[in-house]
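Below, chain A partners chain B and then partners chain C, in two separate complexes.
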Partner chain A sequence: MTDQVTAPINDWLKSEVGSNDVVLFMKGTPQFPQCGFSSTVVQVLDYLGVPFASHNVLESDELRSGIKDFSNWPTVPQLYVKGEFVGGCDIIREMFEAGELRDLFANKGVQVNAA
Partner chain B sequence: MAMQAPDIERLILAALPGARVTITDLAGDGDHYSAEIIWAGFEGQSRIQQHQAVYAALKGRMGGELHALQLKTRSA
Partner chain C sequence: MKVKNMGMMTDQMRGKLATALSPQSLDLVDESEKHRGHAGYRDGGESHFRLTVVSAVFEGLSRLERQRRINEVLAEELAGPVHALSIRALTPGEAA
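Showing the complex of A and B:
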């Protein structure tokens, strides 16, 4: 992992979103979220029973700014499913409430608990 | 660092002419707002594209000067 991180952050981000079915870039950790919006997305994923990798953007300024350029999205959290940027807190919550998020995971072959 | 609701609305309307914008101050600290934006130009765009259009209208203030702007966007 160490040599990858010294490579441009984009290469590392590309490999992270490519090698994890579901990955959440957030402030804090799933156990200790440090932002209400990040916490909301963690709760939605836990409620759906979706396993996910996470990265704490507060641990690295390079990651915190790099992720925003990577997706052309100015805020965190950011959720990626099968390498694709799905959205931040607003979109994840809106999709969840509309039942679209469960469908997205099912369509992409990501394990999600029964309705 | 904070913004006032009228300034947010002005920036959005400048970039999305004719949009109907409703801004709600969530915390009274000039940093946490929600905005509902109805704009015909969103037609055919994904939620991500719609929100990116709003962020672009704010010219880099999102996530910096403006900490939180909860968005609800639709075309009609």
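Showing the complex of A and C:
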């Protein structure tokens, strides 16, 4: 087993997804998404009325590459709920359409709009 | 205007997916032209893809696990020239 160098960004990400119920890493901001996939996830969260923290990966190369290593997931957006990585745009959209996303929030104790 | 596209990346990705997943069906579409002017677009295409794949390999795997399988197979492409890949991964039962 080799010692792995842990980037400081990793510690920051850990505390960020640990201290916020719902965190979205995206391109752009919720008000001004700069990518269609990020925009889709924002729309789903808004529709469900879920408050979320967001981080714009376009503002930091360290964040942009750090988040991919953190989750071992090669793309952005990435959604975290209660510290757990849920997925990117395809997964969020599929879960939303299947009604699974609402259940996931409910099961994790995150407030959503009435159905 | 339709940009002529050699499709080498598309073929390479198809080949890797076919080998790794033994899919019942595999539909990989280069949608780059739809993203003209967006981040990651470049002339010649092959930057934005949509994949629908049906494979028994996905039996018993969550959505996340299925996508991870595909991401692993295409790790090289996703780390480089491929800017976006939209994935729909189904089992034969789900696709029927």
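We adopt the following convention: the second predicted complex is superposed on the first by the 108 of 115 C-alpha atoms of A that agree within 3 Å, B and C clash if a C-alpha of one lies under 4 Å from a C-alpha of the other, contacts with A are read in each partner's own complex, and residues count from 1 in each chain.
Basically, a residue touches a chain if its C-beta (ideal position, glycine included) is under 8 Å from a C-beta of that chain, and two chains touch if they have at least 3 such contacts.
These figures come from a predicted structure and were not determined experimentally.
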Joint occupancy of chain A by chain B and chain C, clash or fit: clash
First (chain B), second (chain C), both or neither touched by A:91: both
Which superposed partner A:37 touches (first chain B, second chain C, both, neither): both
Touch count on chain A, higher of chain B and chain C: C
First, second, both or neither for A:27, with chain B first and chain C second: second
Chain A positions touched by chain B in one structure and by chain C in the second: 37, 72-75, 85, 87-91, 94-95
Complex contacts: residues of chain A adjacent to chain C: 27, 34-37, 72-75, 85-91, 94-95
Parts of chain A lying in touch with chain B, wherever the complex brings them together: 37, 68, 72-75, 85, 87-91, 94-95
In the complex, chain C residues that touch chain A: 35, 38-39, 63-64, 67-68, 71, 75, 78-79, 84-88
Contacting residues of chain B [partner chain A, same complex]: 47-48, 51-52, 55, 60, 62-64, 68, 70-72
